[in-house]
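Every chain is named by a letter (A, B, C and D) in the order it is written, and numbering of its residues begins at 1.
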C-alpha cells in the first residue's frame, strides 16, 4: 500500500509522517507520532475522546484523514500545558475532582478550551451543549461542568 | 488489489476529470467534504478501497454569499462556520437551526451542508430545512453546471441525483421575502448526539394582516426520502396560523408519512411525533415571520 | 453454642433443618461438626459459600473465630462490580 | 467503637486533596490499555460469529495464513480443551469451540503487521456454520419445548433434581416466616410485573492488551483491567499455564464498572504472541465492546407486597428472572438478596432463576443484580405508599432496617445508615421544593452489601522520610489519593510526601479486584495496617537511637517522642530523621500487611428525582436529582460525591434510554454510542449529593464501600417520578419516548 508523505504542524512543531490514505488523524497521532494522549473511545465521532483542534477548530480526530493534515495546524492535549505550567482547565479539573478514570479527560479539556477561547463566560447550558459530544461515564458531568465554570472565572481574572 | 488513494484537486475541472477517469476505468471514487459520514461508513459499513476526492479546496464549495438577490452556501463549508454567521442566521434561522443540530460541536467543526444533503439519509436534518426554503442545488459536471431543486436531488435512501462526473458545488436560495421565515425541529430521545426520529422544516410567508400567503413544509425520517408535503402547506395558506391550522398541517404530515419501525422509533410513534414537530415548527416560523419585515 | 442458620440452598444437605446450635470455636470446627451431623455439609460449604458471623460477611471463611453466642448465616458469595 | 469514631478528628482524612496521578491524566501522559507500543509489535483482531447460535462445522484458515504480514492465525483448536480447564465457560467464551452462542462470539483471531492486513486476513478465514435457532428472551428460554443452548445444563438449586436438559442454570430461594399468612394479615396488597433490558457498563475505554510470551513460556501482559491478579488467574486457567509464568501489569483503566473484572482478549493475545514470537496488541472496537464483552442482565420480575393500613409490612414476595447470556452466571444471588434488603418483613418469599439466552455472557455491572431487582421492589413500595396514602419516605422509615434488624439475606445488621438517609431525604429542601406544571417527583432506596476480600499493601520509607505505598488495585476513580490520605493520617506526615504505586502481579502482594466497592475499605485497611507496622518499626529505631526501651517511645504527628514522664534527654525524631539514619539502625524500613477483610459495611442510599414530561412526544427530562448515601466515612469527599453522581447518571440512563435492541436473529442493532444512548452532558442537571457518615464499626476509620450503591436507586426514583407526573405506572424500562407516549395515549383512550 502506498503511503503518503504529510507535513504538518502539531502543537506548534513542524512534524512529518507517512500514512495510508484511509488512515485517520487519530491513528496517525497515536501510532505514527506517538501522541497517545488523544484517546479512541468509539472511532465513529460519538464520544469525543479523540478531540483535537484542526486549524483552531474543534474536531474528532477519528473523523479526519491523516492526509488532510497536510499544511494544517493541529493542537492536542499534549500541547495544552505550557512552560508556565498547567492550563487553568487542567488545574481546575484536578481541584474539582472532575475526572475519575481519566480516559475521557484529554478530550474534555481540549473541547472545553475551545469553548473558553471563543466564549470566556459561558453559562451552564452552553457548557453542557458544547460538551455534549464528549461522553463521560464516571462523573455524571457535574464536577466537569463546575471545573469548566471555575476555570472560565479564573481565566477572566476573577477570584473563584 | 485496488488500494485507497486520496486526491485534493484545486479546481472543479480537476475534480470532474478525476471522477470521470475513475468512472471510465470502473474504479470507485467518492467525494469527501467534512468526512463525518464517509469515514464512519468506511470504518463500519464498507471498508473497500476507493479514491477519496476531497472537494474542500475548491473556491466554489467554500463560497458563502448572502446577497440581496441570492444566498449561496458552498457545499463543503463546515457547520461551525455557518452557525457562527449571524447574517445567515437572520435570513434563514430554521436552516441554521437544522445545521446546528447535526452532531456534536466536534462534528460541527467538519460536517457540511453539502455532505448532509449528498449523504441523502432519510433522517438528514438539513434536508427538510433546505426544501422548506426552496433551496436549489448547484451541480457541476462534464456537461457544465445545472440547477436542481433540493426535493428532486434526493432520489432514495442514500442515493442522489448526481450523475457520472458530477459534484455538488453549493445551494442557492432566493432571500426570504418580507414577513417570511422558517423553522426546523426534530425529535431525538436525548438532547444531543442522536439521529432524528422525525423532523419538520417549515417556511411561511404572511401578509400584512398576518394571513399566511405561502408556505412550504418538509418532513424527514418518516419515509424513504425527505418529503415536501404540499397538503401541509395548503393547510397553512389562507389561515392566520392559528392552532387549528397548525394542527391540520400536522395531520397532513402524519398522512403523508410512511415510516418504518426501527431502533430509533416505531412507525406509529413517528407518525404521531411528526405532526407535533410540524405544528411546533410552523408556530415558531410564524412567530418569526410576524417579527420580520 | 453458636446459632447456625441454614438457607434454602443448603437445606437439602441438612434434611431441611433450618436452624441448629453447634459448639465450636472456629468456623472450621463448626463445619466439621455440621458434617458429622449432616454428612456432605463440609463438601457443600467449605470454599463454596460466604458466611456472616455476627453480621460480618466473610467471603472465604476458615479460621474465623466464633463466640459462644455467635450467629452464623451462610450466604451466596457476592463480589460486585 | 462507633460512637468513639464519630467524634474522632482527622488531620487529612476527609480533605479534598489533588490525586497523585492527576497531572498525568489531565496532560495525556497517563498510559491506558491501548497506549503501549513495543518494538516489533503485531496487531491482533478477532473474527466473530455472524450468528447468534450455530454449530461450527469447520474452519479453514489457510488463505489467511498465506497472506503477507500475517504471523498468527488461531482458532479454538489452539487452546486447551475447554472441558479440561478449571473454568470451561470462561474458556469457551474467550474462543468458541463446537458452537457459537451469541452474535459476536470469538471464532478465530489473527495477528499481523497492520490492522488493514489483520482485518483482511480475518475476512479470509472461512467458517462453515450450521445455524441453529437462537433463544433470545427469558420467556422463550423457559418455554416448554425451548431450544436448548447447552445439552449438559441442569438446574442448580432446584427443589427436585431432574435430568432433563434446560436453559435454567440456577434456581434460588430466600424465605422466612409464612408469606401466605402474611398476605392474609395484610389490609392492603400491591402487585406488579416489571421488565428491564440488557444494558452495558459503557466504559469509555475499550478493552485493550499487549501480550508477549517467550520460548520458555514466560508471559507478560499489559492490559486495562479492574484486577490484574484476576487476569493472571483466569488467563492461567484458560491456557493451563502456571500463574508464576504470567506477569500482568495493569495499565491505567478507562472505566470498568464491573465489566473489566473478567478476560476476553488476553489469552488470545498470549497464544498469538507465542505463535508469532512477537508482542501482540489487541484492542476491541466500540462495536465489539457492545457485542462481545459482558453487559448486564435483562430481567423480568413479579413483586407482591402486603401491609397493614398503618403501613407496617406483613409480607413481601418476589420472583426475578435474570438473563445470564450464553453461559451461566447472571447476578441472581445478589439480586434476590437485595430486593427487599432495606425492609423489615416478617414474612417473605424471594425466588428467582438464572437463565441462558443467546446473548453475550453477562458480566458484573456496579452492584450486579441489584438495580434490576430494586427497580421492581421500589416501584411497588411507591405503589404501596400511594395506596395507603402515606408519604413514601414515612412508609420506608416505618419499615426500615436498622442496627440489630435481621436482613432478608440472613445476618443482623450492625450500625447502618438507612434511616439516617431517609431522614436526610425528608429534610432535604429538594423534597419539598414546589414542582412546576407537568413535573413529577420520585423517591427510591438503594442498597448494596459491599465486599471485603483479600488485599495487600507495602509501605516503604525512602531515605528522606517520604513514603511509597505499593498496592495492587488499579486506580479507577481516585483510589491512589485515598490510600495516600490514609497512610498520611496514620504516619502523621503530609499527604504530599506519599507516593502510591499500583504494582504488577510480581511486585505487589495478591489483591482482589477493584470492584465490590472494596478498595478504600479493604485495601485501605491493608495500607493502614502496613502504616502501623511502619510506626512500630519507627519507634524501635528511635528507641535504639536514643538507647531507651521501645515501650517508652510514642509516635506523634510524624515524630518519635519519649512517652510523657520518660526521663530521656532527647529531641523528637521526625520520620525523615529516622529514615536518614536507617542504615545504622537496622537497614531500610518497610512495612507490610495482607488481609482477608471481613465486615464490609452495607451501603444504603435514598434518591430523589424530579422529571418533566413532554406529553406530546413522551420525552422525559430529569430536571433535578438528589443522591443521599451513607459512606461510613468519606476519605476523599469529592471522589465519594463523584461515585454518587456517576452512579446516578448511569442509573438515569438505564431508566430512560439505554437498552440493547436485537433483531429477530439475535443481532444487536445499536452497537455504538450513536444508538446505545448513554446520557450526554446536556441531558442531565447538576446532581446534588449529601454524604451521610454512620461509621462502619469494622473499619478503623468507619469506611463503607461507596462505588456501587449509587446506581441502585435511580431506576426506581426516575420511574416513580414518571408515575407521579403521569399518573401511569409503566412497568418496563427504558422509559423511552415511544413507550411513554404509548402509555399516555392509551390512558387517554
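By our rule, a contact is a pair of C-beta atoms (placed from the backbone, for glycine too) under 8 Å apart; a residue touches a chain by one contact, two chains touch by 3 or more.
Keep in mind it's a predicted model, so treat the numbers as computed, not measured.
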Practice item. Going by the contact definition up top, give me the pair of chains with the most C-beta pairs touching. Key: A-D
Exercise for review: With chain centres taken as the means of their Cα atoms, state the distance from chain A to chain B in Å.
Suggested key: 29
**Study point:** Centroid distance [mean C-alpha coordinates] between chain C and chain A, Å
**Key:** 55
Exercise for review: Mind checking the centre-to-centre distance between chain B and chain D? Centres are C-alpha means, answer in whole Å.
Suggested key: 44
Practice item. Check each residue of chain C and list the ones that touch at least two other chains. Key: none
**Study point:** Shared interface positions of chain A, touching two or more other chains
**Key:** 1, 20, 43-44, 46, 129, 131-134
Review point. On chain B, where are the residues touching two or more other chains?
Key: 44, 191-193
Practice item. Go ahead and list every pair of chains that touch. Key: A-B, A-D, B-D, C-D
Check your understanding: Of all residues in chain D, which touch chain C in the complex?
Key -> 157, 172-175, 201, 256-259, 261, 333-334, 337, 363-368, 409-414, 448-453, 512-513, 515-518, 596, 598-600, 698, 705, 708
Point to revise | Interfacial residue positions of chain C with respect to chain D in the complex | key: 5, 7-9, 52-60, 64, 71, 73-81
Review point. For chain B, which residues count as touching chain A in their complex?
Key: 3-6, 8, 32, 34-36, 39-40, 42-44, 49, 52, 54, 78, 80, 103-107, 109-110, 191-193
Point to revise | List of chain A residues in touch with chain D within their complex | key: 1, 20, 30-31, 34-44, 46-47, 49, 76-78, 80-81, 86, 89-90, 93-97, 99-106, 109, 124-125, 127-129, 131-145
Review point. In their complex, what parts of chain D are in touch with chain B?
Key: 119, 287, 616-619, 621, 656-657, 661, 669-670, 672-675, 677, 679-680, 682-683, 736-738, 741-742, 745
